[in-house]
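Handing you this structure, nothing more for now.
Residue numbering begins at 1 within each chain, and the chains themselves are lettered A, B, C, D, E and F in the order written.
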Amino acid sequence: MFRHTDYLQFDVKPEKPDPVYARKLQELIGGAYGEMTVTMQYLFQGWNCRMEGKYKDLIMDIATEEIGHVEMLATMVARLLEGAPATESTKAAGGDPVVAAVMGGMDPQQAIVAGGGAMPQDSNGVPWNGRYIVASGNLLADFRANAAAEAQGRLQTARLWNMTDDPGVKAMLKFNLARDTHHQNLWLAAIEELQADGLEGVVAPNALLDEEEQGNHAFDVWHLSDVEFSSAGGWADRLAPDVVHQMGFNANPEPLGNKASAPAPDPKLYATYDGAKGAPSSALGTEKGVVGKIKDALDPDEP
Amino acid sequence: MFRHTDYLQFDVKPEKPDPVYARKLQELIGGAYGEMTVTMQYLFQGWNCRMEGKYKDLIMDIATEEIGHVEMLATMVARLLEGAPATESTKAAGGDPVVAAVMGGMDPQQAIVAGGGAMPQDSNGVPWNGRYIVASGNLLADFRANAAAEAQGRLQTARLWNMTDDPGVKAMLKFNLARDTHHQNLWLAAIEELQADGLEGVVAPNALLDEEEQGNHAFDVWHLSDVEFSSAGGWADRLAPDVVHQMGFNANPEPLGNKASAPAPDPKLYATYDGAKGAPSSALGTEKGVVGKIKDALDPDEP
Amino acid sequence: MFRHTDYLQFDVKPEKPDPVYARKLQELIGGAYGEMTVTMQYLFQGWNCRMEGKYKDLIMDIATEEIGHVEMLATMVARLLEGAPATESTKAAGGDPVVAAVMGGMDPQQAIVAGGGAMPQDSNGVPWNGRYIVASGNLLADFRANAAAEAQGRLQTARLWNMTDDPGVKAMLKFNLARDTHHQNLWLAAIEELQADGLEGVVAPNALLDEEEQGNHAFDVWHLSDVEFSSAGGWADRLAPDVVHQMGFNANPEPLGNKASAPAPDPKLYATYDGAKGAPSSALGTEKGVVGKIKDALDPDEP
Amino acid sequence: MFRHTDYLQFDVKPEKPDPVYARKLQELIGGAYGEMTVTMQYLFQGWNCRMEGKYKDLIMDIATEEIGHVEMLATMVARLLEGAPATESTKAAGGDPVVAAVMGGMDPQQAIVAGGGAMPQDSNGVPWNGRYIVASGNLLADFRANAAAEAQGRLQTARLWNMTDDPGVKAMLKFNLARDTHHQNLWLAAIEELQADGLEGVVAPNALLDEEEQGNHAFDVWHLSDVEFSSAGGWADRLAPDVVHQMGFNANPEPLGNKASAPAPDPKLYATYDGAKGAPSSALGTEKGVVGKIKDALDPDEP
Amino acid sequence: MFRHTDYLQFDVKPEKPDPVYARKLQELIGGAYGEMTVTMQYLFQGWNCRMEGKYKDLIMDIATEEIGHVEMLATMVARLLEGAPATESTKAAGGDPVVAAVMGGMDPQQAIVAGGGAMPQDSNGVPWNGRYIVASGNLLADFRANAAAEAQGRLQTARLWNMTDDPGVKAMLKFNLARDTHHQNLWLAAIEELQADGLEGVVAPNALLDEEEQGNHAFDVWHLSDVEFSSAGGWADRLAPDVVHQMGFNANPEPLGNKASAPAPDPKLYATYDGAKGAPSSALGTEKGVVGKIKDALDPDEP
Amino acid sequence: MFRHTDYLQFDVKPEKPDPVYARKLQELIGGAYGEMTVTMQYLFQGWNCRMEGKYKDLIMDIATEEIGHVEMLATMVARLLEGAPATESTKAAGGDPVVAAVMGGMDPQQAIVAGGGAMPQDSNGVPWNGRYIVASGNLLADFRANAAAEAQGRLQTARLWNMTDDPGVKAMLKFNLARDTHHQNLWLAAIEELQADGLEGVVAPNALLDEEEQGNHAFDVWHLSDVEFSSAGGWADRLAPDVVHQMGFNANPEPLGNKASAPAPDPKLYATYDGAKGAPSSALGTEKGVVGKIKDALDPDEP
């Protein structure tokens, strides 16, 4: 269960409105690496966590913090849109090219749909969607995704910090930059702790690593581009970060498999076919099992 | 420019068809962490890379390898669908519950749309889309996303390895598991090398780190959940992975900002409003610049 | 079956082209509350209506009217785009900032994809999709959605009316405003009539209302925000609109449930897990039913 | 800012797992009318509300409550999936048709992607997206959308209540039914209060109603279907719910506009054209304004 | 403007319900090549057509026919769902494996969301969207897309015809097959007529063909795969269908361009960069035009 | 398996950057008819092709060529963005209206997300998705779709050719125009060859054509619009392109079916219903088959 206070985590006071920047900030709200993504990603990870204790609680702490970040950004967008020339006609704007340019650079839906507020979408107006998040139940895989998401989020925040000279906006973004720094550190530290606790290794998932995978294919770069520079990296000859595999370089890999070809088609599906592969074999021919046998016994003349 | 050989990277030989599993494999083709994602993610990262040399070439090597992985999986799906009961009627299937169950568990579009082949979509039939990938130009942020993607991809492959007992399918998946292990190691090694080369630090992006962000907010967990377990993690008191920040724990964080509130609305946008905040201030009032001034001078009676 | 006449429901005569406004009008065509939505929403409601007679016929009347509204708007967009600077180069536009601004404010796809016409998408270019509509079979729930859709549609039309000073565009929008007023009245009147006819109550769906729901949780506001203003509304102490429930206010709600926690995971799915919850219980353990029993009898050594 | 407690709003205790039902419950989490929708809809409405006080606080109260509903449902899904036959092979399932049917009826991504947990998507696996919500700034229009959303949500909950006989699941759904009843009553009561407070009328938006719209088109049904039943409704002859318009019936409406036709195309966009409409007129011909005039004066030989 | 009659274009009378088939039929309603697509594609083509007369009228005739096809299919789906085991519990279904299989094979949203009716989505439940259609204004390009859409639509209808043995369903599909045959013939005939009327050639668009394109690259297959079979086609040595180009075969194509490389990055966007390419050149450096010049003159000390 | 060379198929050298045009070019990368579409469409068609030999090899040749076209366009976008005013503030841009207009006309995500590079999306920022492609297994249907896609692609390229005067950009587009011409010719030639090889006829799919479809409905235009021009086309009276059907014109088509109406609803799904159609008949009543019979025999008192 959640509770809410009306007060914001940090000040949100633009010195003056800027409707073009209000569109750009949408990226931090509803973009693939915006605050809606980390909110939902951490909430679902927490709800799906299989161990009570420090990991789950950390996830829920940060998840709850992130809802408040969406709130800060949505409030900032509304304030940046105050007095925007949203209801000027094109003709009127034509008299002042800067106003015309601002109209062209705004998100039209912030006015037409939201009446001067933020939308759950990115800076191109594409709505946020649930495929942006991951919550796999495997903490190593998910914490790595979290560290990656915070890195992209901080990168976008830093770019947006350079796109304004409003001191109030910059102050809020400095706070966001700091939290993104901390969260990157947190997830990296949590990965180290998972490994120290013996719960996960370096490669996810841990369990099948040594025995089942084709070990001889787990160590070399397949060089499929035509310059030789990639062999110059340390990865061409070092012990891997998992401290298990020696890394190598395959300068001229050849295909290991046979020709790619699709099998004979079902004639009732009308694939173009010359018959050269014969008729398809049955998917379930020998697997009907006991039920089919009973049926055959009881009702022999049904096809 | 690309070239193609008809031979597959590795053998793709199911012992027998399995149309239900053919649906599940779609996750590895067109899911958020499937092979289409890593293909396109690495291609766009390579094309957008700003440094010639080992990093760009490594990216292009792996990107080119991944197109071939989509090819392997698409071929496997077609072979698993051979002889599927796709054109049986519900009535006919009703006589054999296993056939009926298989029909219900298949992806209907693999038959109706693709005629017995793979589709560029996930195991629920949702089409792959371009928002799944990231190619930011910042190699630290992107390599971290790559390591995360390979971890999720290997995790899903391992789960799918457990969902079949067909030795041919398992053999191909073992190859995929091995490549995913290697690719995780590669991106982790490349991150270390980026740092060793002095191109990036631990936190992305590097450049603003020490001076601009609100440093006092870059070190403590905001504890917003109601159990105290998250303070038990090392992250509550250690030197951060970036070896710059000391990490701490704020057990009872209070809002630092003022109340969240949206400003006075534009009356022509019809937000419900009692007038208590007065009229909105103008977004562009003092910023018209020289063009407006010239216009005013030349054409004073236009509004 | 449908028939078509080439004549428009109402005049569509802009005084002069305005390509920036042509982009904004896309919201009324393919936005979440645009005319494509009400067209498809009413068509599917009509086709899925379970009672012949006045309700179904009303739905089909308005559905058929709405196809013609899409036609009016698509025609208006094409006319607003006549002579647009769609094929000017950026360099040429650079010589006239207003032309440059107009180019930036246009929907590029109206030129590149549609050749100067409307697209089935909103003012940010996001395509219309089928999840925008609802046709549940329950007329109370659907008519309430219809009244809501017409309210949002009229609101957006009113906003757009303020964004132009072209008398021809304004005339068409006045017609649209009038129809949206009428349609709001229609759906509100139809809700009253449903209730008067005894087919539905105030709360949808009607049937389970008194007996099955947890009645003691159907009357009070859970106050989870930290200011006390919400208790000042009439809803904190009045007879509810359904004239069944007395409405109240719970100033300090406490959780009624136990701790949120996910169960023991399937080890083959590789969730990170310390084993503290033991092994998962089986989903289907006691439910195999007769078929399983027969199978066990006939084929005892299969697992 | 938000805070979280680990305790659930209400008990979530299924008597036994049911992985097929776990897929169906996704509709209440990430469907168009699921709990993610009302959570985000109310949050954005609250953040965009222009009046401090009872309305905004009510919105934030319910928004905060709804996050907890997503939490309840996500927890329920994880518990329903305990021990699901997610990692059985098709061959093994083939021996027990009920297991085979369960496998076919499950959401494969709950296992492959989420490792046995809920996903932010609906019962067909389509991800939740931001276009599902509305937050227009106009409280009448939005409260009507809220009442409609709660009606659809309660309807779907009632249907799902009939699809299980697990007493633990039914108990939780009864709680949800009760809250949905209350929320419907709340939004209907809040609409009445908005009108009583003089902030909005019956038709949204209020401001343009009497003067600008084409009043003569705001009162009659356009009868475009071919049976006469729709004239039998009260809406064909009564005072409208807005108590302003008299409602009527136009049994044989004729088009009021001229022929629909697109204008002469830009030849550089290659629409097929026989030239019969001449050349297009210029969109911006007479609107270049002062900047163009200055440019012409200073730089006369540029085109 | 449109009108509607309640009578269907053709009989829609399934002999008995079949809820599994009701899901499959969704492909013909809301799939990429379903009836919603051809309806909307032809409507937008007609509204955007630049010539009054036979072509536009033909488009509108078929568009109007297609709305009625959606109606037929939506009605068929509702009838196929009559009495479906939508509200059986999993436990109850567990007693009869065929019922369990049917439940797994149904579209859950047809019950939960639509109450037993069709949805605007495909057989995997993915909603129809506006990017499925094309209406470019160029009739050759569009009629070719129309012939392709009718071919895919007829192919899917033929596959679905094989998936049922219900005589009533088969009768309706035979009607649909016939219309799809006719429509393919129609669009192919219309293409011939466009060419005979001198409005378009064989290759779209006509206008730039001979003079502007790189003619020497318009005739040969670039052989980039490693088997030589593609040279065995007539296309390797014949006069092209446009009767202008001689077709040829380039057995070993080499890249004609220089190395792919991205330019020096903007340092404020934080791409990883070693500086080897220097600083970026300015996008607008020499293009500021007259406004910039005036500004410089009037306000020289602003940056 | 694929290989890559760093050299581009053709030169990609813009004379100078143009960030507004960089947005427009996105349509050719990630639009519905962009190069990502033809790449993926041809790859999946090739992988799903059922005949080894010339058709499959041709498909793979062109598929492999198209990956290189995405590469060319992505490189061009990066070069057009060099030095773009992406990190100028709105205030700074306000001093130069052309810069302001350019900012408004750019794709904000090319800077914020991609750091100055291309994205897998169209000119409105909508991500590419897998529903854009078709690979049905039927070569006639697919080649027709391919010819249509190349026609739309060439049309859009021609439009974009008119939107720039940069000689370097125009040179690359001329190459693209030439390849699109060739590919249109190729697919049209391949269709002729399919027919000459006796593999397919004119109408897809071939197999059911004469015997099963309702032949009497396969020849006439249903005239449902109200002008008579469509009867003036040759299609109203000629031998069809399939040289089987005589084409005709039905000037006044009447519905052939009965009234559209949905059946009696399941009461547990709460459709509004007056009972006039009685209770629904059971979907599976007589189809339970042997399993049900056995179950009834063994366990007679279970429902």
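Basically, a residue touches a chain if its C-beta (ideal position, glycine included) is under 8 Å from a C-beta of that chain, and two chains touch if they have at least 3 such contacts.
On a predicted model such as this, the values are computed, not experimentally measured, just so you know.
K.L.:
By the touch rule set out at the top, what is the minimum number of steps from chain B to chain C?
P.N.:
Step count on the best path from chain B to chain C: 1.
K.L.:
Name, by label, each chain that touches both members of the pair chain C and chain E.
P.N.:
A, B, D, F
K.L.:
Which one, C-E, D-E or B-C, has the same contacts as B-D for more than half of its contact pairs?
P.N.:
Repeated interface of B-D: D-E.
K.L.:
Fitting on CA atoms only, what is the rotation between the copies chain D and chain F? Please report it in degrees, nearest 5.
P.N.:
Nearest-5 rotation angle for the superposition: 180 degrees.
K.L.:
Counting only Cα atoms for the centres, state how far chain B is from chain F in Å.
P.N.:
24
K.L.:
Where the CA atoms of chain A average out and where those of chain C average out, how many Å apart are those spots?
P.N.:
Each chain's C-alpha centroid was found; their separation is 26 Å.
K.L.:
Specify, in ascending order, the residues of chain F that touch 2 or more different other chains.
P.N.:
1-9, 18, 32-33, 47-48, 52, 55, 60-61, 64, 71, 75, 78, 86-87, 91-92, 94-95, 97-98, 100-105, 111, 113, 115-117, 121, 124-127, 129, 131, 134, 136-138, 140, 155, 158-159, 162, 204-205, 207, 224-225, 227, 255, 259-265, 268-271, 284, 287-291, 294-295, 299
K.L.:
Line, ring, star, complete or other: which one describes how these chains touch?
P.N.:
complete
K.L.:
Taking the complex as given, what residues does chain A use to touch chain E?
P.N.:
Those residues of chain A that touch chain E are 97, 155, 158-159, 162, 268-270, 291.
K.L.:
In their complex, what parts of chain D are in touch with chain B?
P.N.:
For this pair, the touching residues of chain D are 1-6, 47-52, 55, 86-94, 97, 100-101, 103-105, 107-109, 111-113, 115, 121, 124-127, 136-140, 194, 199-200, 204-207, 289-291, 293-294.
K.L.:
Help me check something: in the complex, which residues belonging to chain E touch chain B?
P.N.:
18, 20-21, 23-24, 27, 31-33, 97-98, 100-106, 122-126, 155-156, 159-160, 162-166, 224-227, 255, 259-265, 267, 269-274, 276-277, 291, 294-295, 298-299
K.L.:
Sort out for me which residues of chain B touch chain F in the complex.
P.N.:
1-9, 30, 36, 40, 43-44, 47-48, 60, 63-64, 67-68, 70-71, 74-75, 78, 91, 94-95, 97, 113-121, 127-131, 133-138, 284, 287-291
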